[in-house]
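Down below is the structure, laid out as structure tokens.
Going in written order, the chains are labelled A, B, C and D, and every chain counts its residues from 1.
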Amino acid sequence: MNFWERLGKIDRRIIYLVVFLGVIIPILLKVTFRVEPMREVKQAYEEVEKLPPGSAVMISIDYDASSMPELQPMLVAILEHCFKKDLKVIMLGHWPLGLPLGQIALDKVAKKYGKVYGKDYVFLGFRPGVAAVMINLGKEIRQVFNSDYKGTPIDSLPIMQNIHNYNDIGILIGLEAGSTGDMWVQFAQARYNAKIILGATAVVAPDLYPYLQANQIVGLIGGLRGAADYESLVHVLGPAYLGMPAQTTIHVLVVILIILGNLGYFATRRKK
Amino acid sequence: MANVIWTWIAAGLTLAIFSFLYKDNPFYKLAEHIYVGSSAAFWFIYLWYFDVKPKLVDAWLQNTGFEKYILIVPAILAVLMLTRFIPTISWLSRWAIAFTVGMGAGLGITGALQGFLVPQLQATLLPIWVNVSDKFTVNLGYSLNNFILVVGTIATIFYFYFSKEHRGGLGYASKVGITFIMIAFGASFGYTVMARISLLIGRLFFLLHDWLHLV
Amino acid sequence: MTALSTVLLFLIVQFPAPPQNVRAYDTPNDAGNSITVTWDLSPDDSVVSRYEIYRSKGEPSIDSAVVVGSVLRGSTQFEDNSVENNVHYYYFVRAWVDTLYADSKWSAAAYAKPQWFHTGRKSALVILIFFGILLFYYLQKAKQGAELYIRRIAGLEAVDEAVGRSTEMGRPILFILGLGFVSDIPTLAALAILKRVSKKAAEYESEVIVPCYDPVVMTAAQEVVKEGYMEAGRPDLYNERNIYYLTADQFGYAAGVDGIMVREKPGAVFLQGLFYAESLILAETGHSIGAIQISGTTAVTQLPFFIAATDYTLIGEEMYAASAYLSKDPLSLSTIKAEDVAKMVFVALFVLGVVLETLAVITGNQSFHFLKNWFALF
Amino acid sequence: MRREVPLFITFISGILLVIALFIPHKPFGNLEQRFNDWYIIVSGFTMILGIDSLLLHHWNNFKRKREGWIYSIALMLAFFITLIWGFYSGIKVGSPFKPNASFLKYFYTFVFVPLQATMFSLLAFFIASAAYRAFRARTFDATLLLTAAALVMLGRVPEGNRASVYLFGIALLIAAIVLLLEAKERVSTFEKLLHYLGAAVAIVLIYVQYRILPSYLPQIADWIMNIPQLAAKRGIFIGIALGGIAMSLRIILGIERTYLK
């Protein structure tokens, strides 16, 4: 077998290694592309940026592990932004299996900024009945969550002292892998005029654009690209932003592999 | 502290699965068996809390009259399924299987009619002459797109014509069909790559960031 | 900003104009207990925040009216699903701008009732009846002994060969049924292929391993394999323990099957049924152990991966034809013929529809849309 | 009895669902939902059969000390620990799927999710090796397949359009060289001419793609997805729908009864 023919029979382990290095090297070297953030992401960023320190932000975890690659980086970037700006974070969720993902990110970013549970952030958890929860949050949070996820009464938490409904919340941010985002708009925005930013997977995001055009939401973060944009705006080197060059690298590498494979194929065929 | 230990466990399991790429080895075997065993239990618990309990136990307790007693039917079917534990009457389990198969066949018809056939048919009835805004001038791009869409769909259908040999006109049409199918498969393959790479990025970022704190 | 200033301007000047032309009627094609309310947008829709729908029972009285729902601006329809059947209801719609509102006039009385026929599914019913007639026609012909041809399907021709080759190598056969349930048609099609495979395997005295994702599929697979061995006259070789459940977790199943592949080293791998993302994990591992692989699925998104990684692939409908193809049973074959005739009718419909739609554009005559409209679901 | 009753049950449950599609009135309107609920209940109980099968398989491995029996112990341990943990959590806080349940907090997050996500991420490697191995320009159709794949792949990532110019340039150059080399070996003049023509087209395409791809690659990728890809998908869908109806009718009418014998 000469060199050209060998190109057609590269061992799969070498290909695995190439893929592995193609992802890990750009991340380790922190290679970044200067990509102009999409307008709707910038808009979301600026809305959070505008909030005075001490305002409350409500974040809803409406996804689970299967949408983690796209939405988890988004959540972390948003949390970084909030804590950096000394905003208070109130987290809840409508997908029970996704809640631990939200909680992990919350605890970790809070720790990084030295924030205190109950004073700077709180994790309310999950209550069944999506629409009912959203409507009642507009009246009085205590009607839905009289205690946080651990069972501590929320009246005993300093963060919740002056917070009763959407009026006391600066921005509501929903991270969506399904149709819960539409319901946030319908129940929290339309009824109570809550200010909403939605983050969504690449599959869901197109359905949410009409709300942005109608000014019913003030920002939209869509897919891995949206997450990368938010990370770049907050100057967080997260998996989405750092991952973009890795994406391009792998796509180019795969095409090169295809070309090499074909070279090998033609060399072998000519021999025959 | 607890989280550090758990992160190490998660990282260990992650690496054990990755090691399969090189070859089968004791680490992968261990991770695989833990995964199969624990996930079997996980979905068992899940099924209990999210399906059987609300749909049978809670429904029985909350409903009255017809809605309550009709639940005896699925309960009987479930018991029939379990007759497989007793070889002499295990043939009764076929009654329960027959119900699920019949249900599948019924849904197969309604789903195909409503979900596939009618909407797809409707969507393919396209004009191959599209005007530029409201003027009577052909919009070549759109018209051509519609034409390709219709021809491609019809040619693909011809490829699935079974009861005649693919020769002559049919042979030619089915060849065009397979060409469309190949382009579609290539495109769809290429389209998926990005999503798959982002999964790997997510995993490697976990290792580099959460576990090793390198990034 | 402009929206806000409009609102402010508005508040100074006047109340919003009310929604108009409120109509209420029984929701069509449902099981009752529902009334649909429609209205024309308030002329000030651009500053309206939401519309609230009010209902009064028996008589149009503001005192007994209750809010039954609210919708976003720009919406002109609401379904009230909380009504009793055969009771008269009256509705009005309130448009809200900030804290001000304007009410429409009352609608005429409406009452809900269930329907016995879903008029929106006329086209589906016609297709079904047409297909049924075709089917019975060809079933009758088959019973009278008409010869039915079926074209070669490479993936199915290879089934026997794969089993044979695996036996020659002295290795077992692995049959993967995917993530489908017994209520999924592709899984039933796959079971028909499994039967053929197990019959052949029994003849060659080979082993068939079937790891399962769903326990109901497992019980059905056990029945099928047992039957295959019986037909081959070797019930003594049947081993129920070779058809076992793994886990109902998508990737746990993939991990387990991968393990089986590298340890049992099957000579032939069948991937038949419903597959999702795990398809390529299984097919690539199968390729790495050098097994001959025959795949088939109706999950269109996974077909490219099977085409790339396996030796033969049954594309979509080819899989459904498998049981007829393998058994050459005239009754089954006749249904395939009926399918083909139906296909040609659809192609004719396409051509007709395209011509009509094109005529509609060229002549500007909307009545040419009748065929397309007829197929529209509502 | 043993054969007729199941056939009858299949027939009735199938035909009822078909009828229910056209009748909104009770009790047909919600029949599909009801049957689905029943199915979920039945399959929930069948899970006991599945678990029995899995555990027995591994218990036998252990008892007979078959190769890898030690892993069978790991599997059984993992199963029981998870099961007990889950129900213990459930009793303690009401449901194992509450955020303060240790089951969800630790087992789900640090064992289950990493295993699932890592297994899923293996696809990144496999998709590359499958593309390398299978995308060979053996025939005209195969060439179209790999070209479509490459165009869509590069059209989806930032900077992909810039890289594509070089990659397609090289690929076309190789194609031209291969065609010229192979032209020499052809006997018939027609085939020779065809090869020369092909090489010429490839060289022209190098220039064309150099002008087009940098600015239009994402649009080209979208077009492939929206027009030819969609056309083929529709054709396949229509086939599947018809085949599915025929298969379902075969089952309901008892012509196809593999699963019952």
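As a convention for this text, a contact is a pair of C-beta atoms (placed from the backbone, for glycine too) under 8 Å apart; a residue touches a chain by one contact, two chains touch by 3 or more.
These figures come from a predicted structure and were not determined experimentally.
Taking the mean of all protein C-alpha atoms as the reference point, the chain centroid lying nearest to it belongs to B.
No other two chains have as many C-beta pairs in contact as B-D.
Of all chains, the one whose CA centroid is most distant from that of subunit C is A.
Per-chain Cα centroids separate subunit A from subunit C by 30 Å. Per-chain Cα centroids separate subunit A from subunit D by 25 Å. One finds 15 Å separating the Cα centroids of subunit C and subunit D. The centroid of the Cα atoms in subunit B and the matching centroid in subunit D are 7 Å apart. Shared contact sites, meaning residues of subunit B that touch two or more other chains, fall at 17, 20-21, 29, 31-33, 35-37, 39-40, 42-43, 47, 81, 84, 94, 97, 100-101, 103-105, 107-109, 113-114, 117, 121, 124, 150, 153-154, 157, 160, 181, 185-186, 188-189, 192-194, 197, 199-200, 202.
In subunit D, the residues that reach two or more other chains under the touch definition are 18, 21, 39, 42-43, 46-51, 54, 68, 97, 108-109, 113, 115-117, 119-120, 122-125, 127, 129, 131, 133, 135, 146, 149-150, 153, 156-157, 233, 236-240, 242-245, 247-249, 251, 259-260.
The set of subunit C residues touching two or more other chains comprises 121, 124, 128, 181-183, 185, 188, 216, 219-220, 223, 245-249, 251-252, 255, 263, 284, 300, 303, 305, 307-308, 315-317, 321, 336, 339, 343, 346. Put simply, subunit C touches subunit A in their complex at residues 3, 49-50, 70-74, 284, 288.
Residues of subunit A touching subunit C in their complex: 12, 185-186, 190-191, 193, 214-216.
Chain contact summary for the complex, subunit D toward subunit C: residues 18, 21-26, 29-30, 39, 42-43, 46-51, 53-54, 56-57, 60, 67-68, 115-116, 119-120, 122-123, 126-127, 129-131, 133-135, 233, 236-240, 242-251, 255-256, 258-261. Put simply, subunit D touches subunit A in their complex at residues 97-100, 104-105, 108-109, 113, 116-117, 124-125, 127-129, 131-133, 135-138, 146, 149-150, 153-154, 156-160, 163-164, 167, 170-171, 174, 178, 181-182.
The touching residues of subunit A, counted against subunit B in their complex, run 13, 16, 19-20, 23-24, 27-28, 30, 68-70, 72, 107, 224, 237-239, 242-243, 246-247, 250-251, 254.
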